[in-house]
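By letter and in written order, the chains are A, B, C and D; residue numbering begins at 1 in each of them.
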Amino acid sequence: MQRKILMTDCADEHGLIAKITGVCFKHQLNIIKNSEFVDNQQQRFFMRTELEGEFHEAQLLADLEQVLPPKNQMRLIDAGRKRVVVLVTKEAHCLGDLLMKAYYGALEVDIAAVIGNYQTLAPLADKFDVPFHFVSHEGLTREEHEQALLQQLTPYQPDYVVLAKFMRVLTPGFVSHYPSRIINIHHSFLPAFIGANPYRQAWERGVKIIGATAHFVNDSLDEGPIIKQDVIPVDHSYSAEDMAKAGRDVEKSVLSRALALVVNNQVVVNGNKTLVFK
Amino acid sequence: MQRKILMTDCADEHGLIAKITGVCFKHQLNIIKNSEFVDNQQQRFFMRTELEGEFHEAQLLADLEQVLPPKNQMRLIDAGRKRVVVLVTKEAHCLGDLLMKAYYGALEVDIAAVIGNYQTLAPLADKFDVPFHFVSHEGLTREEHEQALLQQLTPYQPDYVVLAKFMRVLTPGFVSHYPSRIINIHHSFLPAFIGANPYRQAWERGVKIIGATAHFVNDSLDEGPIIKQDVIPVDHSYSAEDMAKAGRDVEKSVLSRALALVVNNQVVVNGNKTLVFK
Amino acid sequence: MQRKILMTDCADEHGLIAKITGVCFKHQLNIIKNSEFVDNQQQRFFMRTELEGEFHEAQLLADLEQVLPPKNQMRLIDAGRKRVVVLVTKEAHCLGDLLMKAYYGALEVDIAAVIGNYQTLAPLADKFDVPFHFVSHEGLTREEHEQALLQQLTPYQPDYVVLAKFMRVLTPGFVSHYPSRIINIHHSFLPAFIGANPYRQAWERGVKIIGATAHFVNDSLDEGPIIKQDVIPVDHSYSAEDMAKAGRDVEKSVLSRALALVVNNQVVVNGNKTLVFK
Amino acid sequence: MQRKILMTDCADEHGLIAKITGVCFKHQLNIIKNSEFVDNQQQRFFMRTELEGEFHEAQLLADLEQVLPPKNQMRLIDAGRKRVVVLVTKEAHCLGDLLMKAYYGALEVDIAAVIGNYQTLAPLADKFDVPFHFVSHEGLTREEHEQALLQQLTPYQPDYVVLAKFMRVLTPGFVSHYPSRIINIHHSFLPAFIGANPYRQAWERGVKIIGATAHFVNDSLDEGPIIKQDVIPVDHSYSAEDMAKAGRDVEKSVLSRALALVVNNQVVVNGNKTLVFK
């Protein structure tokens, strides 16, 4: 008995649910959970089907291909643990939460390595016996630094790269190695306060709520598809530093909940947005 | 082109999604939205299928009957406005919100009448040209009062009866006329503070959050299937009266959101719980 | 026995709480609630003191003047109902909530009049016996329209002007008549989605949370001091219209809670921010 | 320059704020933050005054004694780190969060030791170089086990004892050693689901929100003064195990926020309730 996720993404047409679930039934696969969404503007159909049973994968995919419209993007994904590499700078809270949750089993991930452009967090990775690679950006061009990062990153063959308060902007060249597979936490409620020092911006604007946003990284800074957001209330008594301190809890929580959704194969990228299937 | 909701509730078995959506496809009905849930403990399958097209209802139901297990509870429901009667005592906020939302189109209901055991809210119903019936409980036994209520209620043939801070306990005899069709708002986060004066109970216990619960009414006071709950923070500076005042907003909001879910046919009763399909 | 609020706003120096509360004690005024805040960046002291007793106002203010630094901005405000005029366009939900809450006593305001640039909401104001003035902007310059608005507004001598989804930008000339006394509800979580059609902007960006912001109006559109914000979760299944519909509840709730804070004299403007005393 | 917190708790009478802040001013102490509360039912006055300056403590206390009513409970507390000992059973998430937050400076505590009635969490304490003491309850009476716990606990002289999912009921005898100094996390929104297996109780009742409660421990199980509560939404698709898993995040967050409030001297016990000063 195996468990796999069938992700369908194709042009919309009548009868798709019946056809796809019909093929699954023919293969004697049990549907644990089925969720679909039609993007009416793009006339596009998305479905996530959690299947259990004995898989004859080549035949299953061939049978599905028969009933799906051409140019569909169908994928059959193994349910199970994913391998991630975490990129960090100096702040410990997001990395700490990921390490701790992986440790006690709240996240279905193996943290294969941590890479930092400072050495600050090496002792934290050590505590959990995770290799830490120090890749300083000093004296390097952006491209050279990214090459050095990739050199460390590539051998781990990560399913996902997690930016856990990695305070460097990545170029499209770097991002193209992991399309829709790099997850960033931005310390504001995007699209408010894009860019540097969002808590100071929030403090200067006098907002009454602050937030955090986890998103896939694409070519434009802070503009990739949003996966998860959350907020906490603040008031006039908070300095910018108080906001930053209070924000850490929501940052770490949003990042690890976003990662959980991604590794559970609940998130589909649809243009510059995500679909998040419950 | 019509829109209807097919609600399936039957013993679980393999292939149900494929079979049911297959029948719908054969009938050239378009599935707008499909949501299912399996109660593994009860081995029971639930599905809500929002359909659009031309319905040949007798044939559709017959075809579905062919593919469903015996003793299924299948219903085909017209999407569209529902008729409700609201029972009240003296507090205006819940009734006011329902009337206002029905007025500006935020709730797909026709409020056919308001019945009060006091006359306090007659002027409010009048503002919205909704008939108000005063049915005092004074000098009557509980059974006599309920008979008097039913006499006013029955002719309106309501789809749902809404208890909008109706401060009387209803007997099983009354409830049996509207099984899973009476919606109550309880001014606490059930099952905390069952019974009388929950805000005073909350104040005495020193809780830091208060809430409200909308539920279907069954034979036991405050113990019917919960539809919706929400909470708001409070602190030590709140008196029991402050809590009651602050709680009004969450009461009215929970009640009207619960009613919206119910009239949109998103709520299914499953034993003493509800399934709420998104 | 009267109740008044002493609002102190002055340069910070040592001993201010002792000096001010000392004067109040000398006057045999009981302090019901006292809240202070020091803006360390501006070196400015703010205090809100809720007083009860017999007021000898001229003497009290003279005695306070003695102990406060020069150029202080001290005000003694009567606790009690405030008079407001509401400006609207076509959407009913915010006006409806204000009228309903004023009606059942959840807001300490008298709604003296409603002014609309369309006639749509006249019947709603009528239900609550509130005068409605139709001041169309058609065929008028912005200045002419604002003159016409002021002509209706001024005679009511409102303490506050509430923009309850009034879809017109006000000029600094208009705003200068009611400095820090015009309250607007913006249908986004500011500063995200400033300007027109924020729900469409939110939908296009694919956010997972939407919000509303109540703020005082100053010379720059959507940039005045924020009083209150709140948010609700959304997901990929929401169209821009669904977001707008879901947002109505949070808009009306944020506006009426902001107005409650303002009329309870809990809000102080400090530059482009507000202090909100609990 | 030192920072201390003056906590006043006495019978209410006129002029207390003026008198107390007057003494502070005479001592040339700067008030960083002042918060008061009057419990009108008990006629009791509470004030938290955060002071900065040079303290002549004996004289300050003597001068305050002069102006306060008899039988007052006044305390002058050093701001600064507190020493805690954490009691655990097998679940890692609460202990993990406390260790991590102490590690990166988000909690002003020194975790002096961890004591477990199972050995499960010894490796986790080890990672952070915190001594772990295994005190099994097997083969011991409740009193014997508590004696064994005290033997390990007492030498650390903890300011606070934190029960981070310690699944044993403590007797009044044990509790009396640390009055209002033992903090427990209960995995429900108290007073709902007191006692064993609250997530199963919540699942059986079909609630739509689950929560967690941090409270001081007194003589009655789950009935001590509540410090902090928070909730998360759930739906019909959650099993009792899913609720338990989802609840871990809110448990750890509520416990560490409650502990932060306590160690920042923001929490005062008032009968069976707490005052939490912002």
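Basically, contacts are C-beta pairs under 8 Å (C-beta built on N, C-alpha and C of every residue); 3 or more make two chains touch, one makes a residue touch a chain.
Note that this is a predicted model, so its numbers are computed, not measured.
Novice: Could you tell me which chains are in contact with chain A and with chain C alike?
Specialist: Both-contact set = B, D.
Novice: Which of the two pairs, B-D or B-C, is linked by more C-beta contacts?
Specialist: The comparison resolves to B-D.
Novice: Distance from the CA centroid of chain B to that of chain C, rounded to the nearest Å?
Specialist: Whole-Å distance between the two chain centres: 36.
Novice: Just curious, how far off is chain D from chain B if you go by their C-alpha centres, in Å?
Specialist: Taking the mean C-alpha position of each chain, the two centres sit 40 Å apart.
Novice: Give me the residues of chain C that touch two or more other chains.
Specialist: Only 237, 278 qualify.
Novice: Residues of chain B touching chain A in their complex?
Specialist: 14-15, 17-19, 21-22, 24-25, 28, 30-36, 38, 278
Novice: Mind listing the chain A positions that touch chain D in their complex?
Specialist: The contact residues of chain A facing chain D are 91-93, 96-97, 100, 103-104, 106, 124, 127-128, 237, 245, 248-249, 253, 257, 278.
Novice: In the complex of these two chains, what residues of chain C are touching chain A?
Specialist: 37, 40, 189-193, 205-209, 211, 225-231, 235-237, 239, 270, 272-276
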